[in-house]
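For clarity, chains are labelled A, B, C and D in written order, and residue numbers in each chain start from 1.
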Amino acid sequence: MKKSHNITMLGAGLIGTFYTMTIHGQRSRDRVQTICALTDEEAKAFAQKWGIPKWTSDLAKAISDPETDIVVVGLPNNFHKKAVLLAAAAGKAVLCTKPLARNATEALEILEAVEKAGIFSGYLEDLVYTPKTLKSLASVKNGGVGKVLWVRSRESHSGPHSAWFWDKEIAGGGAIVDMGCHCIEIIRNFIGKNIKPIEVMCVADTLVHPIAAEDSGIGLIRFENQAIGQFEVSWTFRGGMDLRDEVAGTEGTIWLNHFLRTGYEMFTAAGRGGYVAEKAESEKGWLFPVGDEVHELGYVHMFSDMFDALDESREPMETFLDGYVVNAIIDACYKAAKTKRWEPVKLERWEGKAKKAKAGAIKKTIKTRFSLVKEERMPDGKIKQILQDWKTGRIIQKIKSL
Amino acid sequence: MKKSHNITMLGAGLIGTFYTMTIHGQRSRDRVQTICALTDEEAKAFAQKWGIPKWTSDLAKAISDPETDIVVVGLPNNFHKKAVLLAAAAGKAVLCTKPLARNATEALEILEAVEKAGIFSGYLEDLVYTPKTLKSLASVKNGGVGKVLWVRSRESHSGPHSAWFWDKEIAGGGAIVDMGCHCIEIIRNFIGKNIKPIEVMCVADTLVHPIAAEDSGIGLIRFENQAIGQFEVSWTFRGGMDLRDEVAGTEGTIWLNHFLRTGYEMFTAAGRGGYVAEKAESEKGWLFPVGDEVHELGYVHMFSDMFDALDESREPMETFLDGYVVNAIIDACYKAAKTKRWEPVKLERWEGKAKKAKAGAIKKTIKTRFSLVKEERMPDGKIKQILQDWKTGRIIQKIKSL
Amino acid sequence: MKKSHNITMLGAGLIGTFYTMTIHGQRSRDRVQTICALTDEEAKAFAQKWGIPKWTSDLAKAISDPETDIVVVGLPNNFHKKAVLLAAAAGKAVLCTKPLARNATEALEILEAVEKAGIFSGYLEDLVYTPKTLKSLASVKNGGVGKVLWVRSRESHSGPHSAWFWDKEIAGGGAIVDMGCHCIEIIRNFIGKNIKPIEVMCVADTLVHPIAAEDSGIGLIRFENQAIGQFEVSWTFRGGMDLRDEVAGTEGTIWLNHFLRTGYEMFTAAGRGGYVAEKAESEKGWLFPVGDEVHELGYVHMFSDMFDALDESREPMETFLDGYVVNAIIDACYKAAKTKRWEPVKLERWEGKAKKAKAGAIKKTIKTRFSLVKEERMPDGKIKQILQDWKTGRIIQKIKSL
Amino acid sequence: MKKSHNITMLGAGLIGTFYTMTIHGQRSRDRVQTICALTDEEAKAFAQKWGIPKWTSDLAKAISDPETDIVVVGLPNNFHKKAVLLAAAAGKAVLCTKPLARNATEALEILEAVEKAGIFSGYLEDLVYTPKTLKSLASVKNGGVGKVLWVRSRESHSGPHSAWFWDKEIAGGGAIVDMGCHCIEIIRNFIGKNIKPIEVMCVADTLVHPIAAEDSGIGLIRFENQAIGQFEVSWTFRGGMDLRDEVAGTEGTIWLNHFLRTGYEMFTAAGRGGYVAEKAESEKGWLFPVGDEVHELGYVHMFSDMFDALDESREPMETFLDGYVVNAIIDACYKAAKTKRWEPVKLERWEGKAKKAKAGAIKKTIKTRFSLVKEERMPDGKIKQILQDWKTGRIIQKIKSL
């Protein structure tokens, strides 16, 4: 039988709200026991709204609450390290929101702290847990798309709600560290977590907002098996929140749309329909709400996996090591955006050796003089073959009679 | 604090499986304690698969299990009455799958039995609880689409998996009683449960399958406030399961697609992607899976509402009275399909008097000689008015200068 | 080599504009030579805008222009008969917009007039000629969906631009005669023009607008081969123009969306994007324009077919006889809406005898005691058969071992 | 009055077929008079199929046909220069398919040849002319999306039909030169043809096919006003032909889908529906045909513009200079793919000076100490402002009372 858990929630902003809604969700056995916010006032208001018995603005006190067994970190990026280290010192299980840290150096300290303390830890990368993503990952594992060649992941909206996200110092960057971390981990899951990311190319631009951090980014990640990951993030998108993933494989294709086109379409001239969805831009005209946001965004499956993993003494699907790898890729992206060339991903920790694929493993090895490029049946019933002649380097065409 | 419930599950078919998966769902506090199937063998296999402590093929024994406090009826339609009456006799809370009964007479007996026994009861109409439907209902209540004029609900697929559905005697009909019950209750929720259904028109045809029951049906339901409900059901649809609802109001429109177009699209030439979704037709080519089926189909929110209602001593959103009204509408549909004319809906029980709307309440009352039909701004900036002259009966056009 | 045609265009409203844009379209060999409008002023403005050499408000003069060989009727419904009769007297080819007339009696007079005069005539039912519809019709003819069982066609928007449409006397009805005529002919094309429509059921309501004519209608048409046509029309729809068709066959399904979801999506906060599309409701937020309206709406292919048919001395795809059948079905619909029962379609002219299908031709004839209802492979690899036992009337289930 | 043109068509492959279908299209005044193919046999078959009076395999003879006034080049890339030079020598108008040449050097020779000869020329870049693209370009010009920030264009399918495309020597490259040329010109049109492309970054991989040329490419183009163009091309895509464009602006968003999701959806178990669309992958299951291919792909509007431009003695929308710029960008892409860094676009010819935008023109200039990053209304009705303090570099948050 599963245990019930009591949680210390650190952070009373949007993410703390989503996390608490999820943990207190339908028929759940788990509860937030203590909430820690920036001020006592804020903490109290949050506690009263969500039926949480204890509140405080004292981080250390919240973490050391003897009645809780799990600490959930939902704080601004610059507090992640401090919070995790306190939890490690308290010997409690700790779950940390994305990104794990502002950069790989900080992430590595976090990772090593929990390893040293021997505590359970989990990386709260929700978008890997959306029901569509989980089912797609299962399909990919079953060979449904063949070998994965390219994965594109996009997250765009008009910009975050809280000030700290926009502050390069606190956040560790702009749109790339905020949303690219989602995309990169989605990409890694589809390509295979054991496939090493080798190098990255990146564009980071401040196109619209008067800020020092980038409000737009495009990144390309080359993996050791030649697969390419591509992310597109922006705080300049108009029309709501655009959350889409695409997987291109040798045998198939997957297109996921998590937010704006999910089979829920509404036109209203009245505009009194209430809350539409996170980052929705308008309240009139054609709107595209989502059904159950904490579910569609993966929070429900994420916390289930985390708490179940703890109960079952196994690793969760997303670990602090994953968070570290993501930070390392982001660091390389920021560097590439400056040097304007491909930059290597520097990983001091890497455990994907087991099933390590050979570089350029996708393309078929060529052994014969003629290799088949394409074969198709013509309208007259004959078979047309397009062949590469490796001796001359030319492409020839052959018609096979029946 | 919420209680935990122990459930006696009656039925080990597709619906029993979906229900059990849901009740045992993520971090849930509730458990199926006893499973009752047609044979001991079947019951045992089910129990082992889902980790259920007790199994039996003896209905009475399962219901009277002293360790369970709720009976869930997931049996063929012809067993609903027997099962609910036994639960009433045992004084246990009882939840019954859709349709409540094979016809209104039977449904009324069921309703009166639980009322007399004074037990908690709930009608398991899952499709009213899909996240998209719940959020849409909230929008409608907030005035997002103005006054609701028409609601169309469609459920179509290639036919049910179990033999008993196809047997008119056991099921009480064909596609209409099987799927029309969903559509009718969706319609009632959007138009307003307190608005009385007055009369129905219906087509029931056996177009493809060699059966006595109808495999296709279209129904029109006129409500006392002039709103129209329209359902379309079929066991002949090709391409998967088509689950769509549409709401047309004076101020807005809602389109819901629950299954085939939900932002999850996949092409596979390999066809090894595993299970796609309930009633998917193919395993190759373009497929349209759904993310988390028990969630998308409303099971999660349905059981949460049922168990929460029991804990909070309130009525659930869907009651046995609702089930009875649905059966009464279906009875009228079958009659209309035969007589080929509109037939009245006969309701021996009706509680929607409170907010009862006047007949034909939607259209504006006309008090002046000229009423405005339409007003639009012309490309030259002038305002064009189209007016009905009630004295002459003619429509005139007027240009208002600026 | 194709001829070039000179056209007399009757009507300078929205439909006259669309027709002229089409005829003067890309690299076209045909030209409107004379335009006839309600007033000289209106005619002159139209002529100047579209480069038409001659204008008039005199119907007879326009029709008898010796330099034109084709008369196109784009007038309000109550003028169709007069215009066609004048064209017949002038011995000119005549093309008439939809509906052919206000009712079947008038339509029959029109049909007989052109037959007696021996002139070429064509029924300008554009929506049958949309590129998607034409290609779908070809697929259906090739057996792509098997036998057609049901066809649903919908046209809905917020109401027509000109006053006369709203006037029951001039138009011959409301939304049903205005838009139902499109739907009915789309249905006839998919089910087969040689399949006789037998009877209809109809709802005609005035739900929103203060007019005498219906602003909403639903109709069901039963054909001699048991296929069902269903139309839904409304002048109360919010969100733009909803133009959708669905074909359900024994082997397949076709879904067409002609306007609101055609792969062209735009969000604008600026709202300076100009004209969106016919009957678009808003200029800000999410908009769904169409690419090339006269093409998407079928006008281009329609006039090509008409002029080519004239050049090749063959019948066009849509004839005045088709227009008459449509009017007869609409007449039956209006009657059924009043009597509230199925009403027969009265056809004084019918030519579909040739390939006439037997009533109820779709369902398989039953000859054996057990007929196969459904067969599916179970997860364990066995084949499950659901069978109807016609002796006992019960459905049984059989597992076939491998 | 428009003239009628007689055309010499060079090339009898897929592109020659599409071009001829278009030129001979509905009610057209223009005709292909002479067809030139690789062999006499092929030319004759083509001529008979499309009703073309003259055929030959002699390029020079076809071009010098005294009865034609326009030469259309639909040949493999390595023949473009030869064909255009012959047309220039013959003093005839010449239209050349995309790409203009295999590289910028060759393209420049072509451009200078027609300029020197003083003949009319046009670049047959069809995808810029799709009805959706044309209407979107008009919206963008009207300010519908504000300033354009990013444009993404994708073309992917399973690979071309003819052998020569796969031959690097003949084609000048692989997927990038074949399809990237479309994307680049779409990008240029949306960003503004007068905005200079400055530098490019590119990935070119051979992921699946056993060929020397790249079968996949991603490119990023930076323009002088800071806008970014992004193209994605592949010959490895599974599921049909993926043709999509996206425009992201400061005030809006445009999403175009030209092929796989255009409101035409079909499921068929029969698979006898005939030809689906160019590069469709399957004939059963869910299919996504397009309505009228030559129209959807822009051929109709393209030839109209070309012939009208000739008649009106003006430049067509797409010129040989555009073709040259596209080739120059592609050259830079191939170089960047090798050097793995951003490479400058080398343009020996550039005419976009007139309205030349300043570098980095999009972002607002900052003049005050605090600049507004974001303003939003909170649930409690207050206004929250997020501000950048340029003195301290930090982001602060302010609540404005009402």
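Basically, a residue touches a chain if its C-beta (ideal position, glycine included) is under 8 Å from a C-beta of that chain, and two chains touch if they have at least 3 such contacts.
Not measured: the values here are computed from a predicted model.
By the document's definition of touch, common neighbours of chain C and chain D comprise A, B. Over half of the residue numbers at the chain B-chain D interface are used by both copies of the sequence. Chain centres here are Cα means. That of chain B falls 49 Å from that of chain D.
Centre to centre, using the average C-alpha position, chain B and chain C are separated by 33 Å. Centre-to-centre separation between chain A and chain B, using Cα means, comes to 36 Å. Of all residues in chain A, those touching 2 or more other chains are 145, 238-239, 251-253, 267-269, listed in ascending order.
Because contacts link each chain to all the remaining chains, their graph is best described as complete. Put simply, chain A touches chain D in their complex at residues 145, 149-150, 152, 156, 158-159, 161-164, 166-170, 201, 203, 205-212, 216, 218, 220, 222, 226, 228, 230, 232, 234, 236-239, 248-253, 340-342, 362-364, 366, 371-374, 376, 386, 388, 393-397. Of all residues in chain A, only 238-240, 267-269, 281-282, 284-288 touch chain C in the complex they form. Taken together, the chain D residues at the contact with chain C in this complex read 2, 4, 25-30, 130-132, 134-136, 138-139, 142-146, 251-258, 261-274, 289, 291-292, 295-296, 300-301, 303-304, 307-308.
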